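So that we are looking at the same thing, I have put the structure below in structure tokens.
Naming follows writing order (A, B, C and D), and every chain is counted from residue 1.
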Amino acid sequence: MAVRAGILGATGAVGQRLIQLLEPHPAFEIAALTASEASAGKDYRQAAKWRVDSPIPDDVADMTVTATDPDEVPDDVDLIFSSLPSSVGAEVEPGFCEDGYVVSSNSSNGRMDDDIPLVIPEVNADHLDLIEVQRDERGWDGAMVKNPNCSTITFVPTLAALAEYGLEKVHVATLQAVSGAGYDGVSSMEIIDNAIPYIGSEEDKLETESRKLLGEFDGAELSHNSVDVSASCNRIPTIDGHLENVWVETADEVTPEAAMAAMEDYDSLDLRSSPDPLIHVFDQPDRPQPRMDRTLGDGMAIAAGGLQQSPFGLQYNCLAHNTIRGAAGASVLNGELLLENGYL
Amino acid sequence: MAVRAGILGATGAVGQRLIQLLEPHPAFEIAALTASEASAGKDYRQAAKWRVDSPIPDDVADMTVTATDPDEVPDDVDLIFSSLPSSVGAEVEPGFCEDGYVVSSNSSNGRMDDDIPLVIPEVNADHLDLIEVQRDERGWDGAMVKNPNCSTITFVPTLAALAEYGLEKVHVATLQAVSGAGYDGVSSMEIIDNAIPYIGSEEDKLETESRKLLGEFDGAELSHNSVDVSASCNRIPTIDGHLENVWVETADEVTPEAAMAAMEDYDSLDLRSSPDPLIHVFDQPDRPQPRMDRTLGDGMAIAAGGLQQSPFGLQYNCLAHNTIRGAAGASVLNGELLLENGYL
Amino acid sequence: MAVRAGILGATGAVGQRLIQLLEPHPAFEIAALTASEASAGKDYRQAAKWRVDSPIPDDVADMTVTATDPDEVPDDVDLIFSSLPSSVGAEVEPGFCEDGYVVSSNSSNGRMDDDIPLVIPEVNADHLDLIEVQRDERGWDGAMVKNPNCSTITFVPTLAALAEYGLEKVHVATLQAVSGAGYDGVSSMEIIDNAIPYIGSEEDKLETESRKLLGEFDGAELSHNSVDVSASCNRIPTIDGHLENVWVETADEVTPEAAMAAMEDYDSLDLRSSPDPLIHVFDQPDRPQPRMDRTLGDGMAIAAGGLQQSPFGLQYNCLAHNTIRGAAGASVLNGELLLENGYL
Amino acid sequence: MAVRAGILGATGAVGQRLIQLLEPHPAFEIAALTASEASAGKDYRQAAKWRVDSPIPDDVADMTVTATDPDEVPDDVDLIFSSLPSSVGAEVEPGFCEDGYVVSSNSSNGRMDDDIPLVIPEVNADHLDLIEVQRDERGWDGAMVKNPNCSTITFVPTLAALAEYGLEKVHVATLQAVSGAGYDGVSSMEIIDNAIPYIGSEEDKLETESRKLLGEFDGAELSHNSVDVSASCNRIPTIDGHLENVWVETADEVTPEAAMAAMEDYDSLDLRSSPDPLIHVFDQPDRPQPRMDRTLGDGMAIAAGGLQQSPFGLQYNCLAHNTIRGAAGASVLNGELLLENGYL
């Protein structure tokens, strides 16, 4: 029987993607939709300005949107997917966890908290058990797991594939799509025939979330990885798909050929939304490209290419679909991991 | 009296920019236009598919285009501006130098030759005297000076401003405009809603030309700078203006504030096309941006911004207009330097 | 058993779409690929610069490309899909028909010939029997059917739906995607932050092809429809999907509501590639939009919207995917019609 | 001595263009800047997010922004340029006129009022004297003149040039730039790789404002022109420059050649911001294009091209810079006309 799931922030860009991914999902059933007070009480069809490239599922369209409040969500809902502005998330998510809901959240609040697992299942599924620590410390019946930022998700799997060589220094420059900022986040006048070399607080997310994701969990405490990461983030005129240029310096030397093999062989998982292979490696130097490669693995694959020796170590490019693998799909995948590990 | 100047490759994208810049120039007079055999004998108006955003100057429009051959260029022409495909440049440019013409060339052939000065006047004007060595070795009556690649020109002035701190390692990621590939170089289907993480042989140009530009000339020999540079080049959907993310590691520590001051105070030159200041430094973290800032200093300024400490040293962004400062304007500026230094 | 099919011009943009559509098609089997002399003898993988957003089918990748010549195509091939430059098509297509091949062609040569059926199956399937006249006149064992130009296909089905009201005058302005010009047809420098109000000989195609498509075939002769059409064609920076603004003046008055109903109810066909409904009509005034709606019906639907009264009659917008419904899919659909009607 | 001028809505996109145009203007001096309550009391530098491609003039940057209220504007200001949202304009503009200010407004409120002159100086300067009627009826010491909508301004001068042939029917399809919607009016996710065939209430403006502009003023009453206009409006991914496809049916036949001559010879005016020629006519069928031609006449020219016979009369394309000729420049030009005609 499908797990009954609610979506917090269901009218937003990531909320719409969540509906698109969950509606055909055999393990989850959409049972609640919340949004801001202004939308509460409306049919979803009226409340949402639907912008995804497949029609609103009919049964979802007729559901009534409620306020984002645990009391408004039916008790038989077990799992909550959350994609709220971080300030709203910080305020309301803990209440859901207290009330016994298991929350898989894409919101950035709390990601770096010591007792909140920040998880990409193929990279650090074992961090999920930080939930036990969390429940001890917070007295929650429910639980909270977070997925990282879209730009972090894009390059961390490739680093994980190289971890055996001893990660020391990483430089990463991002070319990020406008959808990462939400539907109205980047005006057309800002970005047509232009690029913006700054995305507020984004660089910090790549630099700190990656160390947490690549850290070790000993069952009691999580130690972050010691790799130093420096990021430079740019917005460019693409709709979907974050492209990243990466330089990695490792303790042990790694040739481009060995790195390609390590990426190609990097473990995928036996979860429904985890693609096989996880990392699609291109021979051609001019790939991956956002428009050509963002839908690999139904938008859940990581693409890599251009692997070469730099004067300082290894150099390559990677790409992921920022609103699927980097946001809604990441939360759904964490939901699958929660289910597999008995948290639902 | 104005120096009589010829333009090799006058119908191409950079050739058109050269005409736009030279036509109102008080020191130079357009006296010859060459192009491929197919265009020879035609009026420039018919030969060129004019695409610059100001009309063809009337007197230029009526000039007859000749083949790219020293015998076709009038003897009273002293200075040659060349913007040819590198394979053509390699074949025909030396013949002009042998015949006594002084050539300021944007073509990439020969840039790394030991006896060819590769010059950004504000950075390494003293390298120009390599012409003496060149004449000795090659027996030329004329001379050849090259300007670097557009993506090299964008970041080298900022490195030069920091040179006193001891340049050690540089990582640079470029977001390059489509005009850098020539008018038909990037098809619209390749680049709309897309980015391409590869530009053939571009990374090598940034890595090697920068060391030559920042090198020392002792009057006899040129030693390259020892800085290690690693570049990652991307094409994005912008018309003009290359944006670059730069990380610099220096021997002596440099704070962002000191780096801003060094860039702002970096010497400009008293040449007509050299802007003052050379480097325009922005306080706002989200600048420079291609569409907003590429025309600073009539397209001849370098813009920098986003200076900050990285885990590894200094980090910042820079921008230049790739077909003005990065190509046609660079050649014109070298022409001005040749004149000032008595080579014309 | 599947009909064995050859593709003329298999390496081009439409040729690649043909492969994408035919590979999974149950009724057709790709048995021959031709291209220019330069490609003949190569594996398709080497000959084509594959640019479609799904990988090259493995068995197609390994096929050997031949020259575009009937002698090079195996005799057991029955059906030829052709997408050649019109000058090449004019030269080589008749030879295939003489040799007994049935040709479904997207090339513009011959479209307006009296004895060549120009067919959109849902609009004028009965014109196909013009093949009998054609065989009589030309002595062909094979046959030739053409599909119209991509911009013609977009609006003619909506006109056909309104034909019962008596079409008199049509004004149509097109906003056409860059893929309509082929992969290298529109350079990025021409179209980023721009629009081009002219596409060579395109207006004439909309004006004349529409009259032929809407004409009557009495079994012996085809009379063109008397509607007067005036077109104004623009290229805009979209990848796929031609959007058109249409004004129609009819003999009998038609309200927007009646027009919507006529379009929604317009007959689809029972062919595999014909979508149901053929015309998807939007209530929202701001639809259809290229990026949102071009893949309706797997790219084979026509979308319409914004129906309203103008001072002169009816006014609306329509959209179709120009390389699927407007080119490769149109030829495949004609192939299905040929099969259904016993010509294969 | 320069007329002291105030700008209502000075922080908006058109307000910024007004500052850019007025700052170097010899006849006007910027003496007051107003904006919403949130900005009142701040320096302009802080209040405005400056986005125009030239720096904020220093003296303007240091001016204090006031609320949009006649009591907040110094008494020695004579002329008010207004670019407010129409709902705000409707509320506050009349108060300024009552208080004796002469208002040149770009806001759409009141444009169709019987006693408000709607003026493009080169087209209907004589309508300005409707101010006498206005003052009689409203008891204003000041006065109000409006300029039309940006998409109306683009095509009306070309119609005016053809008026002698007897305008009967006009179809116009617009391809409008995103800046026409204001800085945040069109999100990048709406428009990259897309077009939107609808702009709220825009079609009505083209249809009604054009009839008023082309009407006759007998000194007492204004009669609208009887031409029927039907518009279809599209938003496309261009930054600046509205391109329009126009079909005109006239009482007397007009050849394309005669129409070109009529447009080229159409009277310019002896006002500072009026370009000569007013209408720049291209021979090439693929011009005008937004990025290439929007800055003709410093953004104040109308460009036309592609003139040809259609089955129904004349057909052509036209273009104007929508935020200069179509908005800020239009208001400044009306200011110059007010000055020339003694209203200041």
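In the analysis below, a contact is a pair of C-beta atoms (placed from the backbone, for glycine too) under 8 Å apart; a residue touches a chain by one contact, two chains touch by 3 or more.
In UniProt terms the chains read A, B, C, D = Aspartate-semialdehyde dehydrogenase.
Remember, it's a predicted structure, so these values are computed and weren't measured experimentally.
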item: Maximum centroid distance from subunit C, chain identifier (CA atoms); value: B
item: Contact-richer chain pair (by C-beta pairs counted) among C-D and A-D; value: C-D
item: Subunit A and subunit D: spacing of chain centres that average the CA atoms, whole Å; value: 47
item: Chain centre separation (subunit C, subunit D; CA means) in Å; value: 42
item: Multi-chain contact residues (two or more partners), subunit A; value: 51, 192-193, 237-239, 291-292
item: Overall pattern in which the protein chains touch one another (line/ring/star/complete/other); value: complete
item: Touch list for subunit B against partner subunit C, complex; value: 13, 51, 178-179, 183-193, 237-239
item: Residue numbers on subunit B that touch subunit A, as the complex places them; value: 169, 171, 173, 175, 192-198, 207, 228-230, 232, 234, 236-239, 243, 245, 247, 285-292, 305-306, 310-312, 315, 317
item: Of all residues in subunit C, those that touch subunit A in their complex; value: 51, 53, 192-193, 239, 291-292, 295
